[in-house]
Every structure is written in C-alpha cells, then in structure tokens.
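Chain nomenclature is as follows: A, B, C, D, E and F, assigned in order of appearance, with residue numbering initiated at 1 for each chain independently.
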C-alpha cells in the first residue's frame, strides 16, 4: 500500500530545524515535519518559581498553542474564549515532561527555561514536532547561558537528547509520522517520546476505532523507536551547524 | 521484595463496586480500589448534542473531579479558582475515550450518557478506579434505558466491558495497582485500559525519573493485562448481583 | 394532615452522623437527614490568612458544593461553567457564619479550619444538614489539634454546639425539616440556626408564594427551636461515641 | 441612649425618593436613606427568558452593584476581578425575590422588567434602600407600559407595595435603620422586607457577635414592621406626586 | 444648518462640574455635558504599586464604566459577563494617559490616585466628559492631600489643566461636542485632549464612513482646540468656587 | 541627526510582504517592517454573524495577538491569564476598523472575512505592519472567493488599498516608522492609517512625555502620509507578483 504522499511506511516526512529564527529568545527553532511548522522558543531567566527557591535546582516548563488559522478551518482563540482547552493543557504538559526527562536540575542551577511551542501551520504530528524542535531550542538556550556563565562551568544540564514521533495503524498497516489525512483515518494513534539512547520517556497509544492487540503495539513501537533515532540524528546535525 | 501494604507485585488492592449508591442517577457505583473511593454516576438523557443531531447515533462523555479534601493536603476547588486544571481535563478526556471504546453509537440511538466520577478519597489510581467503576454505572444506565424502551429492543449498545489499572516500576520492580506511596516513588508510571477480551484501549506510560526500556515496558504490560482481567471479572460479578 | 413520608409535623427525618468517614481529613462526617447526604470534612492548618497574621486569633471558613448528579436532574459543574453561582456563594457564607458563631478565635490561636460540605445526594435541607454535620467535623478537628498540642492546653475553642433545620408552611401547616417534595410546595420556607443553648445564630425566612404574618412566623420558630434541640442531642451522642 | 446622629431608636433616617432621575429608563428613582444613595432603574422589555416563553407570564429580576468609591475605602470593581462576589449575588437575589413577591405574573403578561440598583454612596442599609427605591421604579415602569398598552387594559401587575429596612441590636438597644457606624457595632443585624399590608416577605437575622434570643428577635421585628410602614407611606407619597 | 438641539456648530452643550458630590472620596465631581452625566471620584492612597516602589514617584490611573441603563437600551454588566469589553479598556486607558500628562510624578511623591469615571447617563461624549470631570476631581484630591501634608510642602503635582472634547463631521459640517444622535450620523469622529496651554495630549480621529482629508482634519482640530479652551475655563471656574 | 539604524528621518525600514505563507488560509502574508514580523491570515467563510443575516451585506473583523516571546522579555499568554488585555483589544479593534474602511459590504455579499494578525517578532510598529499586511491577505482572500464564484461576478468588495505607519518625535525630530528603541524614547507617538488615495482612516497621536503643538502634529502627518504612500506601492507590487 502506498501512502498519500508517496512515503514508505517507515519513512519520516522531510524534517527541518531552523535555529536562530527569533532575535529575542535565548534559543529558537522553526521546526517543520512536512507541512507542520512549529515555532519553538526557549526563554532563559535566572531564578525559579517560589516553591523551588533555595533548592539549588532549576526548572523547565512548556506551553503549546496553535494559531487560529494553523488548521484547515479557523478555530477560536483560547484567549478570546477565556479558557485553555483540555487538548492544549494535555500537550503542554506532555512537552514539559518530555524535556524535563533530559534535564539535570542540579546542573541547571536555580534558573528557569520556558519553552513556547506555537503551531504556525498544522498537518498532523504537531506535538511530536514541538518536542523535537523544543529540544534544539532548549540546547541553544543552555549554550547561551553557559556562554554568559549563568550556568556553572563544567556543568552539563542536558543528560541526553529527546525527540518524538507519531505512529499509527491506518488501513491495517503500521505507519510512521502520520500527516493529518492519515491521522484522521487511523484506527490506533500513538505518540512516542525517546531519549537519544533509544529508551522511552512517554508512550501514549489510543484506540481511535478498534482496540489494538499486543502484536500491533509491538509493530508500532518498532517503527517509533527507529523514527526517533532518525530525528535524534537530525537534531545533532542541526546543533553541529552554526546557527544563523 | 514486599510491598508497603504486604501485597504481592501482581496483586490488586481489595476492589469493591457498590451499585445503586445514589437514588437519583440512572446508574451509580461507589468504587473502591483499597482506600481510593470514587463515586461514579451515569446520567441518561434522551437527545444528543447539536453537532450529532439527526445522525441516529448517541454520545457518551465523562467528567472527573476530586473533592478538596480527598487528598492528604486540602486542594483549592476548581470552581473557586474559576478554571479546570490540566490534570482534570486530561483525566476526564481519558475516561470518556475509554468508555466510548465499548459503545456502539448506533445501538445507543440518539441518547446521551454522562459519567460523573467524583473522587471522595484518593490513594493512588483514581483514574483507573474511575474507569472501572464508570463502566458498571454505564451498564446500569443502559439497562435502565432498555427497561424503559428508550433504547430499541434487541439493540446492545455495549460491545464489551472496559477496565483500567495502573502499573509502575518501583525500586526496580514492576508492580500492579500502585497506592499513593508507591506512586510517588515510581520511576515509571503507566495506566492501561483494556477491553474484556484483553485488547488495549489506552496505554499511557511516563518515565517519572529514569527513561524505561522495552523489556521494562513489556513487564508492565504483562502485569496490566492480567490486572485488567481480574477487574473485568469483578465487574461481571457486580453486574450479576442484584443492585440494591 | 399526614406528611408525604408519614412523619408528624414536628418530626425530623432519620438523622445519622458518621464520623471518621475520610482517612485524610482532621475531622470528617457523613451526615444524613433522610435521603440528603453531605460529606463534611474539616481541614486544620497552622497559620491564618494574611489579614489576620499577628492577631493571635484563628479563622474558620466553609465551602459548600453539590455533585452534579446529587439532584434528580444533572446540573452543570461550577468548575466547568467557570463561576460559582449565587446560591452556592450564599450557602457557603451561611455555613461559615454559623460555625464562627461558636468559635472563640483567641482560644483557637493562629490556626485555620476549613469546612468542606459536599452534597452527595440532595433531598431538601442540604444547607441545614451541612451545618449540623460540619459542627461535628469541626469538633473532631479541634480535638485532633488539641491531641497534637497545636492548640494550647486548657483552651476551649468551641463555646457551644450549633445545629440547623428548615421549617416551612406547606398546605397551611407548619412542618419541620422539609424534604424536597415538601420544599417545592411550601408557601414559606425558613432556615434556622441555633446554638446548643437554644439561642438564634441565623433566622432566614422567605415567602415563596404568599407573604407570611407574625403568627405563622412564631409557629415556625417554635418548631425550629425544638428541632435544633433534637439535632444538638444527636450531635452530642455522635461525639460521645468513639469515632471509627 | 442617644444615637450617633441624634435619632430616636425607632426613627428612620431622612428618606427621599427622586423619581425620573434617568432619561432613558422606563422607571428610575434616586433613593436616599440618609447618606446612602442608590440609583434604581427599571428596564421594561417585551418578551421573557426562553424558559418562560408561551407561559403567558412575565418576569422580574434585579442586579445590585456598588461603585468602587461608594464606600470609605475604594473597592476593586467586580468587572475587573472578573467575578461577582458572594455578597453581591446574595443581595441581587434578595432584591429580585422581594419585588417578585408583589408581582402578578399573569397580569404582567410576557414582559420582563429588570431592576438595576447601583449604590452611588454607601452608609449602611444599601440593600433595604435598594428594595424600597426599586419598588417605586418598578411601579413607574408598569405605568409606562400601561400607558403604551404593553400591559392589557384592566390588568394590575402589582398586588401590593413592598419596602425594606434594617434593624439591629447595638449596645444592647434595638435600633431601626442602622447607619454604617451603627452597623459595624451591632451584635445582631436583621433585614426585614414587608408588603404594604404589614406581612413579611423576608426576614434575615444574623448574630454578628452574640446569639440572640426570642425576646430580642421580637423587639427587632416590632421595630422593623413599623419602619416598613413608614417607608410604604413615603413610597405612596412619591408615587402620588408628579414625576419630574 | 441648524443642529438637532439648536446649537451653533462651535458651541458646547451646557457644562456643569458639581464638586464634592461624594462624601467618601478625596475628590469627586458629577460632570454633565448636556444629558451626559459622569460621576468622577478620585481616591488618594499613600504608597504605589510594587513596580514603582522606591522610585520616589507617584502613580495615577483610571477606570471607566457605564451603568447598565445609562443608555437607551439596557446593556449587560461587565461584572456579570465576567470580562471587560474592548471599548471599556480603551477608554479607561485613554483617561489614565490624559491625566498622567499633567502629573509631575516626583512632586506627587509615592502616592497613588485612582480616578473612577462611572457614566450614570450617556448622550454622547462620555469619555471627553469623563476626562474633563476627572481633572477637577484629581485637583481636589491633590488639594486634600496637600492639606494633610501627604504631599510635601511647595510641591505642585499638577503641571497644567487637561480637558477633552469630541468633534465630528456630520452631514458635511464640522461640529463641536456631538450628542448621541449626531455621533451616530457622523462620517468622521474625533476625540481631542488638550492641556490648558492649548497643546495636544491625544488626537484620535476615526473615519466612520468616508475617509477624511487634511482640510477636514484641520477644521476639526480648530473646533476642538477652541472647545477645550472653553472647558478649561469651566474647570478653573469650578475650582475657584468653594466646594459644597 | 542620524537614526539608530542609519535611516533618514523619512525612510521606512525594509518592507517585505510574503504572500501565500500558509497552506490553509484563503489569504496569508508574512509581513516584515525591519525586524517586526507579523503573520496575517484571512479566513473567508460564507455567511455572516446573526445580527447581520438577511442584510445582503458582509462582515470583516480582526484579531491581533503576540507570541509570548515575540518581545525581548517573555510575556504571559493571554489564554493562560484567562483574559485579553486592554492593549490587545485596542489594536484588534483598530485593525478591524481600518480594513472595514475599504470594504464595500454590499459587494462582499453575506460572507465574513476574519483577519488574524499574530506577531511572531516585535520591534516596534506591530499594529501598522499588521494593518499593511492584513490588507494584502484580505485582497488575496477576496480573489480566492471571486475565483470560486462566492462573490458575485463584477462585484468589487475592495474600494481602495489601506496601509498604516507610525511616526513620532524623538529627540525633537519627527521620524517615520519607529523601531522599538526609537519608540520608547519618543515624546510623541502617532499611528496613521491611510487609504491608497492619501486620505485618513485613523489618526491616533499620543503625547508620551511633553504635549505636542499644531506644528509638530503637521510635521508628523506629512511624514505619515508619504510613508503610507510608499507602503501602498509595496502592497500593489506584492499583489501584482504571483503568489507562491
């Protein structure tokens, strides 16, 4: 079976990680997974929230949002509705947890980094693109702080890389990195977050139509681990290049 | 290794499913997983939300909440804060998806069932207890509606049972059905929702401390599938008894 | 005239005050006035709100809420609507004032007790059951604090007991402790809060249909004072028993 | 004992009811009880809320609010805080109930009257001044509608007058119509709403310090009934004069 | 062309500035521009917002609001809607900026003055009446503080007077101080705020229908500057009179 | 005097108008005024808001927002705060009015176009860049609708072009198109919106420090009119090019 955009089942969409997109943020990346584009900025500030003061440890958090016309049909702004929806909350929490999994709070010291992931254009996989891009922005913000001695010399706040990808069963076939059209037709949809060494940070699988069995789950996990490996390579390549 | 409450690693806490707890609701269950107690009510109403009118299909949704002093330290009410937190949103959505996985909307007809899961006392596993109890309340509401001919004769809106359990790795050991003290010490925490035939509806695993590998994931899934089987048996037993 | 449930006009519904219902709260009571069931928890914390710091005096406050399916028809959650309704506000304020009427702030010291009264099932008289049950939870929380020396030895923060009951004129007859069906048919509805010595803390009478005259008011007050006396006896009996 | 402003215990403050204060409203009164000044407007609209359509019956409701500097210390605006406080809710509900007590919904027909009571300057008794003034504005709005044949000929939507006054025990003495300084020193504070024929619509007594006994309650009720009688006379006098 | 109320094009409506309207506020003015009536109160408090502490400088801010029935049709309260509308925000900000233009923060010292402008009756020009009246209330609050030595002797916190007026092109003719009926028919609507020396603090011109050209703009500015001059004279006259 | 970035006083920053930036929107432009970058999307939908139904006329509205890290210091999200700030409201309203000034509602027919202007990076002049870019997105959405016959043949909904620019007095000199550093140092700040024929849609001048006189106002208007002319040329050039 050939995919809607001609990819092989285990193939990612074209990935780009454009560093230094914003002149203000300490780290910023415009990440693209095919037509999905997310602007990820990392804001570094000295100090931590009150509940963490005096601990010697830092904090990392994330906020996800979507521009109203990032999607095919315009959605209402959450600021206009006056409340953040459940989906937004859920994804913001997932991004935050994923990035904290590779943070050594002691090494970060009493500093805070906020990751803002704003979806400029959506075509499936916005949360996985956000995590993958946010990691690069986070790494740049850490470098920025190290350059200004805001992090102690010799400390390495990042313990590994982290990336994420979606997988799903569409028309009976396990596929990697679903675009929107595949996503809406998927029986099962799974988001997997892995560290650079191939271990799991998050596994979130949902039966959209039929429940799935252990064999299907295993096939999806195989695809996802390989995909996260490819994304980790893309992250390393981006970080080795010179930011413009 | 012995557990804090003396259970074997693969052992559930004592489970009870007290049907007919509320005189007003069409279905109601006070579910207990050890000291975790959740009041689940199912409210049946004829008609569906506007976006579903004329489809001939029903709708099922859920809301989860916690009383302020269900936990060891009193939490602020979300009604007083004026907004629902991300965790509440996330769990409400999980419960709704889990129950919809066993609903045949056509058989339900244009009727709506709302599941309210209010945690009266929390000791870990509130969301899995809520799903397990809500299924029983849902089944009772369906029977109630069948008794009143609000669902067409011969239609079976429930395609299977559904239950849920938490698993986690604590001190290196995979454990079933974590109580609160185990939960806070877990390196990895996973919630698994299964249908009665042993397939997956949701798999949500999170590395709280160290990332987890494939072998650990497999051990957790084995535990969870067995635990959900035990819970399905408890659900069947409760439904075969006569509600008071 | 016989009442809908066979009671005499001056007769309370069966009252129960189950102490120690919650394992977390410093005081907790599941109170029932017939089919009305309210879970009352008392949360004791050291310290007082900012405006009271340094005064040497404590504080007591209350929050009332109703589960969505406590009533015959499901109500929207106030947390979902994003605002607390006027009725909820009004009852929370009434409960707080009623309990503060028997508190000696100096004797309590700079400690705060929050009473949460959550209606699990409603059948009329939820506010009066809440006050009556909350008093017992409050007394248990005070004892708990005395046992831990959080209140100075010899201090008695409670100056008296406090209980509450509804009365009303239904079909021309003054009745004590209205159930829901009586309440909706009442011409006049009154809630009365009394201390153990029979004095008034609150008198709130409302003409639902016809205005009422002085004679009717007097008949209602007579009923209410007697009913509060019976409730005070039930409170004393519950507190003399050993909490489970 | 002489009162702070030299009044006798059973004496009202100077009362004025200035009709026609607003050029836009169908009825409007600037009511003063001493230094307490409340602008009451009655807005008449054809039609009723959805839940009342087709009933042939009208609806009357009220909203109370206070300007930020109506009081000695500036209060935050509820619009700025984004939520209405419990006190505001409670008073709005009281005013609405009080005026509905003298409305014949059938005679009003399917029309709605909204009473807005905005406190321009507060010196105690704002809710009782609001009820007393709102009645006159309501009467003017009814006349306006009768003049335009929006209410059927021969129908009398008002069944009686309604007025309200505060009473309290200050320094052991029962006093009528408390000003702010008396109010803060009162042991017991009661608001009483009476129809023109001297019957009760609302009786709301609260022990601010010491509980009160039956004898004190009776003394307060005597004072209040007489005071409401004086206010009813003032209302009639105002309505007999020609509105400017 | 004669205007709807018989005025000449360059003529203000009757202006009144009644000082001392409120007994609580440090400065208060009931300002009328024809049938537009705005109650302006100035609340003086020692101290400044946190972000300004230690600067030695004061702060002045403003809030604008409209009573629900100030207009011909009743509007919903912003407190009931739970959010402040864009128009209210915009006008509050304009009033604050306008008054700060004549404040010497150093001379004011670390004190805060809040101007509340509540529209009691609206007939066009509510924001310009509010600015003009608020200046007088502000001046009174400054005098009050000087009288109590809360402002250092010899300091003059007010550097000039400030007033405002609306102008517009109606039926091709430039007109001063539009009433509501003129305002709705205007092609161009402009609000101009001037200091007493005739310079501009704000110029806000909007093409409601046709864009306007430079010549029309100049004609409107000529009218506005003259009108502000007349208002400045009225402000001086009011402040020279003895407040009641 | 030379400007911070070397421009002449009457010189715009480099302007770019990248059409077709979004694959979903009916019109989309990434506009840059120097380092200020705003993503403008135009969403075309058939139908109009309820209050306009049956009029045969269309509607155009706008929403402005800023990403949290568009600025040098991260700002809180308005969706997280739960309310839209006054500045956001004010700018959204300005953009909407400006674009409606060149719309022929009859020619548009009963269709709605929503302009979303999201500031990705801010360096002064975000509202003027938004208006200038939104016009181009609007023109593309109109062409899109004409191509699909959603607008009747021969109808021209756009009556002219519209563009906007900021001007200000910095260090005594009138300057065109202020960047952020100039903006914070400006004594007077003015935003001017012009149609393609050089007439005014909006003139909003504010004295940030010293009030300004007529001569300064005239100098600013001269600069702004010329600047808007240059922007109108850039808009025409962009629209004549083929969108990618």
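Structure notes:
The rule is simple: a residue touches a chain if its C-beta (ideal position, glycine included) is under 8 Å from a C-beta of that chain, and two chains touch if they have at least 3 such contacts.
Not measured: the values here are computed from a predicted model.
Minimum number of contact steps separating chain B from chain C: 1. Ranked by how far their CA centres sit from the centre of chain F, the chains are topped by C.
Over half of the residue numbers at the chain E-chain F interface are used by both copies of the sequence.
Taking only C-alpha atoms, you rotate chain B by 120 degrees to land it on chain F; that is to the nearest 5. The distance from the centre of chain A to the centre of chain C, with each centre set as the mean of the Cα atoms, comes to 51 Å. Centre-to-centre separation of chain D and chain E, using mean CA positions: 33 Å.
One simple way to say how far apart two chains are is to compare their mean CA positions; for chain A and chain D this gives 59 Å. Residues of chain B in contact with two or more other chains: 82-84.
One closed ring of touching chains is present, and its order from chain C going to chain D first is C, D, E, F, A, B. By the touch rule above, chain E contacts chain F in their complex via residues 83-87, 89-90, 92-93, 97, 101, 190, 194-195, 197-207, 211-214, 217, 221, 225. Listed in rising order, the residues of chain D touching chain E in the complex are 22-25, 28, 35, 39, 41, 43, 45, 63, 65, 67-72, 74, 77-80, 82-84, 88, 114, 116, 118, 120-123.
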